[in-house]
Amino acid sequence: MDLASLLGIIIAYGMLLFSMVATGAPLILFWDLGSLLLVVFGSLGATIMSNDMKVIKQVPTYVGLVFKSKNYSPMEVISQLVGFAESARKDGLLSLDDAIKDVEDKFLADGLRLVVDGTDPIIITKILEIELSKMDDRHNRGAGFFETWAALAPAFGMLGTVIGLIAMMANLGDTSSIGKGMALALITTFYGSLVANSIALPMSAKLRGNHDREMMYKEIMLEGILSIQSGDNPRILEQKLYSFLPGPERPVSQEP
Amino acid sequence: MDLASLLGIIIAYGMLLFSMVATGAPLILFWDLGSLLLVVFGSLGATIMSNDMKVIKQVPTYVGLVFKSKNYSPMEVISQLVGFAESARKDGLLSLDDAIKDVEDKFLADGLRLVVDGTDPIIITKILEIELSKMDDRHNRGAGFFETWAALAPAFGMLGTVIGLIAMMANLGDTSSIGKGMALALITTFYGSLVANSIALPMSAKLRGNHDREMMYKEIMLEGILSIQSGDNPRILEQKLYSFLPGPERPVSQEP
Amino acid sequence: MDLASLLGIIIAYGMLLFSMVATGAPLILFWDLGSLLLVVFGSLGATIMSNDMKVIKQVPTYVGLVFKSKNYSPMEVISQLVGFAESARKDGLLSLDDAIKDVEDKFLADGLRLVVDGTDPIIITKILEIELSKMDDRHNRGAGFFETWAALAPAFGMLGTVIGLIAMMANLGDTSSIGKGMALALITTFYGSLVANSIALPMSAKLRGNHDREMMYKEIMLEGILSIQSGDNPRILEQKLYSFLPGPERPVSQEP
Amino acid sequence: MDLASLLGIIIAYGMLLFSMVATGAPLILFWDLGSLLLVVFGSLGATIMSNDMKVIKQVPTYVGLVFKSKNYSPMEVISQLVGFAESARKDGLLSLDDAIKDVEDKFLADGLRLVVDGTDPIIITKILEIELSKMDDRHNRGAGFFETWAALAPAFGMLGTVIGLIAMMANLGDTSSIGKGMALALITTFYGSLVANSIALPMSAKLRGNHDREMMYKEIMLEGILSIQSGDNPRILEQKLYSFLPGPERPVSQEP
Amino acid sequence: MDLASLLGIIIAYGMLLFSMVATGAPLILFWDLGSLLLVVFGSLGATIMSNDMKVIKQVPTYVGLVFKSKNYSPMEVISQLVGFAESARKDGLLSLDDAIKDVEDKFLADGLRLVVDGTDPIIITKILEIELSKMDDRHNRGAGFFETWAALAPAFGMLGTVIGLIAMMANLGDTSSIGKGMALALITTFYGSLVANSIALPMSAKLRGNHDREMMYKEIMLEGILSIQSGDNPRILEQKLYSFLPGPERPVSQEP
């Protein structure tokens, strides 16, 4: 699990636990399995209804991505691309043929192969842009799943509270149980807000963050591939790709 | 009915039913026909007011589409398009004339016929883009109907609750009936949230999901039609169209 | 009045009336002229403040448009445009000079006259696009008036409720009147939500729907005018314009 | 003050005053200086924090613009521009040199001078578009100030209510003062909603309305300047500029 | 600290303090360390969860930027750019080589060096636009951190209130402590709204304001660099760059 997630979870849940203890009430008061099931699975059920099976099947993958974000090193891919540009300039585009076999990233490998095959630059741009745009759509659907969940969890929390209140109201004569009834009714509101704000929304935000990093990584590759094809000066290419990075992350020896 | 809808309905409604039972109150307490009519038909009435008759007449079709989503197989249409590209390259565009008769999708058939007739590519693009853009508008209106409903259902639930409270308040002297009055007043809030979150919103989300899949399907066709006309290499066309799909769905034998 | 508006009004208001009756309280309980005036005119006053006199003067026109929507028949204008394209092809653009005099729609007539006068196509496009874009702005202002009203009506309803509560609270000793005071305070909330959800929002949605239909109608004309000028094949023009319509509305004899 | 503002203020505040009187409670009940200060200045303080000093210094100017909107007469500027186009056609662009001196609007004068100086049309377009885009940014900041205020006023009203409630709760024993305490607590909510809905939001809407009118005015000038430079026919220019106006505002003698 | 922040803080917090004192309740009543910790750190924890470590590490920098905004003087950079344009016109682009060494702004220096090196203008535009677009992304992430916090603080305030209410409800028999319990429960709502509206939102707004000023500053440089390369007339360049500024800020001697 990445550090920010871990740190955030410890702080946020620690604070919540601490303030439950601080009320002096027994912790068991904040636990009601039925309410938890209603809020978590009720809202998940409505979220599932709103999606199609293909997205649902991807959910475990999305959850995995939340906790195990890929490691992007733009510096590495930049120097790799500059290296390719240099050999392409010296020995021609065909010289890249061997190098491509060692490229792990499928997007970069496919793009470079198209260059080596002498494909029209307009078609290469089109192919790589379709790929990015469809990846964007897919990632949006992933983050959207958790955003729908985040919207529905408090709604189901509220439904649970209203169910509890209706049951309680019909039975107002028995004043001794009003407090307990109210407490129980409020618990679903509590769970709904908890699920939305400390589970579903952070998961969706994390996925969107991962997506932004991956997009920038792919955009660097796209720029690099097209520059290599048009035979740009490797120094200029390097500077172009460095402009994706914030100043402090660029190597000091940037200017040759 | 598609699996995700079915699964979601069972889970969400199961949870709600379970938590009503768990309150220990008789289930009949959560049923009030008058309240249900107000929330469902009142909000539907206001939704109908907001639309014109043409959209209203389509509503049964929309409802049908929610439960019976078309089956899109991008792989099939890609291999079909690549096949057309191959025969066009070998035997000329006119050779497609017969093949078009077997194309079921009207959008694809119309596009290919324009190609065979030698229409200017700019005009073909224009025609097909108008078609997609207007389809987009129509689908938006469909999903929009359910989104308007989803916004109005809780509003009518709230109106019902306020009506109930006003009637009850005017009669506060009779303390024995306060609880029952409150319970009844709350029921419209309950129904309003239920209609919005577990009926109208999932229906609209489903329609938008269907729309996204259909758009991608049509975009694949549009790219294919234009590539066939400009005489692109079928291998390149295949790769271009595969870039619409996520990596794992592409055939492993993609590179020839 | 168009059918959808009428139907919607009957259903929505019928349901509300029915549920007021169903409370068993006398209907007069839901009527308070002062509250109605505050909510309706208070919110209208704030809406008027937010606009300038020109928009305010148009409000009666907008209201008229809500109830009496123009009848658009795209099929008719398409066959008219195709007819023009045919005579332009046969007898030259000047042959349209007489036909234009019978064209009722000012947008179409102006556009065709520019074509007959031999104006540069870029300038024609510019003129017609400015016209559409400014029509869009004006319609937006109209729908916006009712959207502002829809946002302010519940706000004034809430202001009325708070005014009522403050007056009541200061007088808590007199417990006999608490219920009545609360009921009265709640009535402005009721009216505010009613005005927003069953008057202002449907009016704005109706205006936006009319606008969408008019825009499509004008876009068909714009495409037709430019095609006639560039001398497109009338068959192709027909197919281009049909692509604005949903499949089932196109004539079966479309392919010649 | 323009008529719509005046009318709106009289209606909206009249209604509010009337409904306060109608409660039968003394008007003084709705007045609490401390609460008013908290809501108005507290929210203004937070709004000031959110902006930088340059914007704050402009606020009096913005307030002035709300009440004293400039008078735009598009008809006048159109005939002026058509007049310039005619003399430019007859006597050459240089003939405009004298006329520019009498042009009051700085944007129009600057643009025409660039034309007379023979500046490249691309550069003129760029200069005038930067000017419009930066004017747009500045006006946005002005309207944004009041929108931030409109969002913060109810928030400070709510803060005041919570402060009041906390103080009251800690003192629940003294039941005689509960009503008064509640009334006082509610007053900040009342002021917050009042400031947002009947002061800040209408001011921002007014500024946005002024902005829209000024933008259209400037767009007419921009189109006119560029047409004069490219030597368009004055009749065509007239028709182009009239297309900015709604049909009924165009002169009947438009067609020559 | 810039003046607007200081002024705003004094006014807003002064008003809040004043209205707490005005309730007559002891100030200590509004202080509860546990509640403060829950709201501030709980919401910060959830915000941290939603971001990745890179953003978290930048937070102190962002906080610094809120209080110590850079001083932008567009007039200075405009005259600098006009000076460069003049020497480039007189002595050729290479004459800028020395001048660049004294340019402090890295963006401007890099851009001018590319010009001196004779890089293709399309590539220069691309490099500088990537730099601006990525800066935009980074600043968005910074402001986004505080916006997420502003959304989560009231949510954690509400969670705290619900926790307090549940604990209190379960213990309703002990009526003597209800008031105190409610007061304590409300305090987290109070803190949540306070953190959002008077800390997090103003910080984010401040960062967005700084960003807008920096972007305009960089856009002036971008326009200047490209104009210098294309050899535009320095007078025209000056007028183009002045069009970024509001009329009153332009020097009166603008026209030569």
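Chains: A, B, C, D and E, in written order; residue numbering restarts at 1 for each.
Keep in mind that, in the parts below, contacts are C-beta pairs under 8 Å (C-beta built on N, C-alpha and C of every residue); 3 or more make two chains touch, one makes a residue touch a chain.
According to UniProt, the chain labels map to these proteins: A, B, C, D, E = Motility protein A.
The structure displayed is predicted, hence computed values, not measured ones.
Listed by label, the chains touching subunit B and subunit D alike are C. Copies subunit A and subunit B of the same chain sequence form an interface built mainly from non-equivalent positions, shared numbers / all numbers used being under half. With each centre defined as the average position of its C-alpha atoms, the distance from subunit B to subunit C rounds to 24 Å.
Inter-chain centre distance (subunit B to subunit E, centres taken as mean C-alpha positions): 40 Å. Contact of a single residue of subunit A with at least two other chains is seen at no position.
Chain contact summary for the complex, subunit A toward subunit B: residues 34-35, 37-38, 41-53, 55-56, 106, 110, 114, 119, 123, 126-128, 130-131, 134-135, 137-138, 148, 152, 155-156, 158-160, 162-167, 169-173, 188.
Put simply, subunit D touches subunit C in their complex at residues 2-5, 7-16, 18-20, 22-25, 29-30, 69, 178-180, 182-183, 186-187, 189-190, 193-194, 196-198, 201-202, 205-206, 209-210, 212-213, 216, 223, 232, 236, 239-240, 243-247, 255.
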